[in-house]
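Heads up: the structure comes next, in structure tokens.
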Amino acid sequence: MAEITRFNRKQMQESGYLFSVEFAVRDYECDIQGVVNNANYQHYLEHARHEFLISKGISFARLHEEGLDLIVTKVEIEYKNPLKSRDRFIVTVNVHKEGNIRIVFLQEIFRLPDMKLVVRARVTGAAIKKGKPVYPGEVISKLGLE
Amino acid sequence: MAEITRFNRKQMQESGYLFSVEFAVRDYECDIQGVVNNANYQHYLEHARHEFLISKGISFARLHEEGLDLIVTKVEIEYKNPLKSRDRFIVTVNVHKEGNIRIVFLQEIFRLPDMKLVVRARVTGAAIKKGKPVYPGEVISKLGLE
Amino acid sequence: MAEITRFNRKQMQESGYLFSVEFAVRDYECDIQGVVNNANYQHYLEHARHEFLISKGISFARLHEEGLDLIVTKVEIEYKNPLKSRDRFIVTVNVHKEGNIRIVFLQEIFRLPDMKLVVRARVTGAAIKKGKPVYPGEVISKLGLE
Amino acid sequence: MAEITRFNRKQMQESGYLFSVEFAVRDYECDIQGVVNNANYQHYLEHARHEFLISKGISFARLHEEGLDLIVTKVEIEYKNPLKSRDRFIVTVNVHKEGNIRIVFLQEIFRLPDMKLVVRARVTGAAIKKGKPVYPGEVISKLGLE
């Protein structure tokens, strides 16, 4: 995943992250080892992406009514350091376009207040209409990726 | 919850349980204490109820298309003994009618193979049509509760 | 659960709730029906209780090191109105002592901003030392329940 | 993730998968879209890996007592087709060694009975002793990867 790291660092340096959400770990998200279960980071990442899309005026519900569904086609997550019960953290979101079909989200989770890197992720999304991939013009436009 | 216990024991003695599903604890269902998180027992109970209803030919999806929704209005759970990682267990289901509107599920979870009681629960359900409680005739009939 | 309702209303009127935490529904907490899955309300209630106990200086970790474990022995939840994706809500906590052994939490969930009642719950806890129920003197004292 | 696909297909053709577990989707694992929430596939993959390790005589608990922890350092998941409520499926596990430190699990999820590919995953693990990566000799040996 060298490529992700490179891209992310460059993007971060140039622009900082576009969007972030702050969370705190809840006890029920931790597992026997006393740290957040790996799958729960995916929940955090998803929640931050959805908040980001909504902040850009992109409504899943309205798109769905118009027959357009946004789906995740690939997730890559590097686990760097674990979060523990009650840790506060932020989940960041960056986004870019890949080819004509794919939207790629670069996301990182940093523990607060020391900004230690917890997770680095690359989430690839696509738009589907009647089961076929389509160019999500309105989404691309609202994300400023044209 | 003395009433539940009494009812349950009587019902169990008379008829045994109507239906059961066998599960095994998955590691991600356990929390920091090394036992299944309390909320996850509700998942187990729900899954067993749904399997029971399906076994009786009751389809949520078809009822929903006909405008009828089955909802849970009350849950009472007594925690007797915890389950640990990889424990096998069964979830039982009994059902009776309460008044003209409510369907009450009596459920128990027993650890295998020693049949130690883990959880005893009483789950009250109702049927809703256009936001109002209705008599779920077909459901009552399929459950043999007329 | 008439008793709970009565107690709760009386207690609320006299003292208001002792403690509350604000949440917002995350998409992954909703199920096929588009509303928060019943078990997730139990997660919300647990998180609010833990935050409450910590606000009172009660540390699960330290108690555990001293051999004392706080456990939930019974949960009663009445589901009044569902929460949907992105709804904001508060979870309240009240607490009282029942006999010499049990601590009872009365909790409610209200949707924001209209304060519509979502869930009313009664959660019974006990303290265990070497597998036996004990009088949790320090906890009772810190909760001001002597 | 072209490399994964290639490796996986080759490995599968040569040897079939080493291990598999059968599951059925539970309703609470589905989200608003009526399909299994993306993070839950990670739960399925984790459960199958743990069952695989146990089948090889590798106990997390005993390793932990000896000061050795197995952790996931990277997860890559390609989502090919969604699972719906009550779908049955198998999760497969293959494993190989990468360098001297990393153990790589190649996993796939296939819907039953049509064996449609649902998810393809590559999960990288490492062993940690006192916070430092170490060569997990016993694990490598029990997995037959020497």
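Read from first to last, the chains carry the letters A, B, C and D; within each, the first residue is number 1.
Basically, a residue touches a chain if its C-beta (ideal position, glycine included) is under 8 Å from a C-beta of that chain, and two chains touch if they have at least 3 such contacts.
Keep in mind the model is a prediction, meaning the values are calculated, not measured.
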Same or different residue numbers at the subunit A/subunit D copy interface, by half rule
same
Of all other chains, the one whose Cα centre sits farthest from subunit D:
C
When the C-alpha atoms of subunit A and subunit C are each averaged to a single point, how far apart are the two points in Å?
32
Could you grab the centroid distance between subunit A and subunit D? Build each centroid from C-alpha atoms only and quote it in angstrom.
22
Counting only Cα atoms for the centres, state how far subunit C is from subunit D in Å.
36
Residue ranges of subunit B touching at least 2 other chains are 27-28, 39, 43, 46
In the complex of these two chains, what residues of subunit A are touching subunit C?
26-28, 43, 46-47, 50, 54, 86
Residue positions on subunit C within touch of subunit D in the complex are 27-28, 30-32, 34, 37, 39, 85
Within their complex, subunit D touches subunit A through residues 1, 33, 38-40, 42-43, 46, 69, 71-79
